[in-house]
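Chain lettering (A, B, C and D) follows the sequence in which the chains are written, and residue indices restart at 1 in each chain.
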Amino acid sequence: MSAEPTPPNDTYSYLGPAGTFTEAALAQVPEAAGKHWRSVNNVGEALDDVVAGRSTAAMIAIENSIEGGVSATQDALATIPDLRIVGEYLVRVNFVLVARPGTTLADVKVVNAHPVAYAQTHLWLDRNLPSHGHIPATSNVAAAASLLDPSTISGAGMADAAVAPPGIVGHYDLDVLATDIGDNSNAVTRFVLVSRTVAVPERTGSDKTSIIAELPDDTAGRLLEMLEQFATRGVNLSLIESRPIGDELGRYRFVIDLDGHIRDERVAEALLGLKRFSPNVIFLGSYPRADKLSIEVTNRYADDSFLEARQWLDGLIG
Amino acid sequence: MSAEPTPPNDTYSYLGPAGTFTEAALAQVPEAAGKHWRSVNNVGEALDDVVAGRSTAAMIAIENSIEGGVSATQDALATIPDLRIVGEYLVRVNFVLVARPGTTLADVKVVNAHPVAYAQTHLWLDRNLPSHGHIPATSNVAAAASLLDPSTISGAGMADAAVAPPGIVGHYDLDVLATDIGDNSNAVTRFVLVSRTVAVPERTGSDKTSIIAELPDDTAGRLLEMLEQFATRGVNLSLIESRPIGDELGRYRFVIDLDGHIRDERVAEALLGLKRFSPNVIFLGSYPRADKLSIEVTNRYADDSFLEARQWLDGLIG
Amino acid sequence: MSAEPTPPNDTYSYLGPAGTFTEAALAQVPEAAGKHWRSVNNVGEALDDVVAGRSTAAMIAIENSIEGGVSATQDALATIPDLRIVGEYLVRVNFVLVARPGTTLADVKVVNAHPVAYAQTHLWLDRNLPSHGHIPATSNVAAAASLLDPSTISGAGMADAAVAPPGIVGHYDLDVLATDIGDNSNAVTRFVLVSRTVAVPERTGSDKTSIIAELPDDTAGRLLEMLEQFATRGVNLSLIESRPIGDELGRYRFVIDLDGHIRDERVAEALLGLKRFSPNVIFLGSYPRADKLSIEVTNRYADDSFLEARQWLDGLIG
Amino acid sequence: MSAEPTPPNDTYSYLGPAGTFTEAALAQVPEAAGKHWRSVNNVGEALDDVVAGRSTAAMIAIENSIEGGVSATQDALATIPDLRIVGEYLVRVNFVLVARPGTTLADVKVVNAHPVAYAQTHLWLDRNLPSHGHIPATSNVAAAASLLDPSTISGAGMADAAVAPPGIVGHYDLDVLATDIGDNSNAVTRFVLVSRTVAVPERTGSDKTSIIAELPDDTAGRLLEMLEQFATRGVNLSLIESRPIGDELGRYRFVIDLDGHIRDERVAEALLGLKRFSPNVIFLGSYPRADKLSIEVTNRYADDSFLEARQWLDGLIG
């Protein structure tokens, strides 16, 4: 990370400060190595940077294996135009309990923690600090940082310890009172790298495509019809979440991840069908999967099958 | 009809002899007027003429509103390659009872009739000639003609009357003992004109497309999957009939008529989907409908919707 | 077969005369052994016997592996109320060429054959008797019988040979000129035994259920909806055929065979769903399969699964 | 609200303290009038009260028209057994900006607000207090209350104003600096009243049923299959949300609201189908709808149709 001013196309925005899980995700991006990393306060700021051209790309959390989809991210991607997901990264989510040097676990009466982190360490805290109090922080790192800054606006200087990401000790002079305090040791957060780049990354054979779509109306069975657009082309969905459109109760848009790349014929066909069906489809991007799983496709839905069918049809129409 | 030898491309084959319903269907074809009409004995001969280049086209019955699909026609179209349906014609099916001049209804003891015609006039005959006998004929016209030809191989000279198409009296010197003796006055037979022409007729906005397709295997739900190929693209089926493939009990192919023309985007897409799904699809043709009904298509499935979706996709892929 | 008058409940009607494939099917019915077998001329007569109480049951052909569904049977079952299929039987269909004693193959100029039998021996006849003529008979046995009865009304005495079932020589004094003349050696005809019995045969684990149903209206996708009634309950269809209702072109009923017994929960549920969907459902019966195949059912659709679900629901409603 | 100890069956838990939207929802429950209202800190505590028998019922937020489903509520209902939703209530969500008496808008530099409330008033605050700072509060009421209690653990005494529900001024001595500061004036939160009562409320003709279900496995098309369980019985879904099961990324349960009551035949059938399909179905309850909309049901899916079908089936089985 350079302190020098850098050109925008060398800047990456992320939910900071240094030490967050988001930073750990960004550290997985080879292209970002040695570039300017811009720490921001929330998803909206990160995407604003991209839209305004202040950053090449932004790393944002999109789903947590415990907490589910990150609503703010999903809603931002649904409403800010011209964004594209260009990569996906997984970060194992675990927590440590940190305190000012010299503090022991027995000293801890009040814990500062971001509400999501608090929810994921609740069992450990209840077991080990049965009478602790909780102060909410705006981020995991803020929780830790404020231990060292009693003048912090959040008054969190009153806390004796903080729940923080393991990487925190590389950035702050804090003692680790306990490690691995997450209630679920398999917890993972999925991040996406978002840019304004319109060029779709090349197919790798292990790709994912993200879209957001609305149903045409409230008629019964519309969701079923939408899913058939995928099923008929052999396209598997790995995620489907509904989010309120926000204008009235009962109206939803669907955030969908599907297996495959827009350049896969079956995916392209499904997107065409979806586009005709839905009054509002947002293509968020096709990008390499973080899990590197290769997508199994039956012959019927392989590119060759589409090519042969089209040649057959062209022969018929003449 | 000329007695002169005519070039093949001026010849039309039909189930004869003169006076059949098939001839009445052929009389509806403007292009056939004044050309050579070749009378044949069955569907196989008619299609052989087309395949061998002896005829431009053949008129064959494909469905009757009472009897259902004509199996021989469906099976021939499924197994003889390179045929195309280029037109569809409807003939109202009604029957007259004819006899040699001088015969009265009271004289009639034995009736010559093609089995299908006999089945469709059974109620009238039972009511008016309760003790009649029945001799089967090979065709409706043969039934009538044989009344005048006692040496006929079928021995039908023994019959006193025949069930025949109304047009018969223009060709044979017979008296009409009764008209409108069909048990169902709405009975209609649907004919198709079949050629080797590969050029698909232009779209008229009132078109039908005929195909034959097999399921990929015996897995439960395969027929449902096949129908979804049409439903997902908004294509309505006006006919679906199963016919045994013939190699073993329980294996079927499906004869399908659908609303629209292969040049309609939604039909083309459905055919592509079907082609990928089915191990064996036969395109029999897109042709103007006999009933002139115009096909209602919701906006979502109109050509413009397909065009817009493709432009959107092309814009995404870049 | 007794010449004595027998009580109706000891009489079985079949398409005769003796020697037909239908008789061979009836010979497979243990209960019919030693009872009165009543030979009739067509499906209608056979079912009339059952309806009128003249016969306990009637054996009728319902499907041929080459020719497909027997329309007359399907239409009769669709329109005559209170009939039930109580058994299913398969007869391998093969043919012999028979002639009056002393005739040789070289003598044969004209062949008497039922049209269906003629269609199924056409290749053999064309190859071995290239210039033969054809007289249509009303049944396979009639073709043979008439060789011995020159006074027969059909004039078939003029024929030199007949296409007949192999069993014919047990009933008529005829020479066999050739055996196995069927064009497809795997040809099979499926027969059903039909009665007025309302008691459904017990479940055997290898059962079939036959129904006939109409669609509620012409709306696109109705057939798909009907098939989903079966798919949702894991019920596999082994046959689906459309037959014209007969009132106008384009209106069909569907003849359906499904795997399983009405007392199987999944079949009962599917029938309930179908009954609610369709304006006209005819239950033709549940009966042991001729092929003795046992029906594989995934746990989800097994009776236990239905029972558990109902207990769960009852527990909820209280 | 009585200060006296009251028997558990007269106690209602809600997210307090007094003045919250949840209290406004509880005020809509006639049975709760005059009973003990127990203020708790979060959904978990509210449901614990119900499970432990400390409360008759708990009022909890389940969905917001802007923010979407309340994950904590959905996850608690999915994992705590033996709970039932017995009522649904809507509260229009709007906000006021409050401050200690004597404060003017110009004095406001730091705003205390629950993160969700902050997100919903962000536009107003940015426009009217462009350089304000934000302190997160644990609840809407806590934000306001802490203005009057500088010793509060959260240190929020440093804030000059708070975003709070309109009802706050009935409970705290605060000035309202601005009203209607919500960015979306149609914002609504949906609450449910949850008890251990197993008796399902009576049908009203305007009912909703809530369930949670898992898919049997990851096979493509499973969600489609699940939705068909509803579609086949004419049951409309008003909500479907996925929530991570939490054991690994990519595994979801579905939170579903459907139109109708478990005593409606079509709903009961759909639940039976779902129970057979899904390895884990949780019935959360059938209860009167807050919006009082009466559910339109086509004849085919009305109770009578189910009754008739069952009578028909019973007649067949005998």
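Following the convention adopted for this analysis, a residue touches a chain if its C-beta (ideal position, glycine included) is under 8 Å from a C-beta of that chain, and two chains touch if they have at least 3 such contacts.
Chain labels with UniProt names: A, B, C, D = Prephenate dehydratase.
Note that this is a predicted model, so its numbers are computed, not measured.
Path length between subunit B and subunit D in the touching-chain graph (shortest route): 2. A count of C-beta contacts for the chain pairs A-B and A-D puts A-D on top.
The distance from the centre of subunit A to the centre of subunit C, each centre being the mean of the chain's C-alpha atoms, comes to 62 Å.
Centroids of subunit A and subunit B (each the mean of its C-alpha atoms) stand 60 Å apart.
Between subunit A and subunit D the centroid-to-centroid distance comes to 26 Å (mean Cα coordinates, whole Å). Contact with two or more other chains is made by residues 228, 231 of subunit A. Viewed as a network of touching protein chains, the structure reduces to one closed ring of chains, two contacts apiece. Residues of subunit A that touch subunit B in their complex: 198-200, 216, 228-229, 231-233, 262-263, 268-269, 271-273, 275-277, 281, 283, 300-301, 305-306, 308-310, 312-313, 316-318.
Those residues of subunit B that touch subunit C in the complex are listed here as 63-68, 71-72, 90, 110, 115, 119, 133-138, 153-158, 184, 186, 188, 190, 220-221, 223-224, 227-228, 231, 234, 236-244, 246-250, 252.
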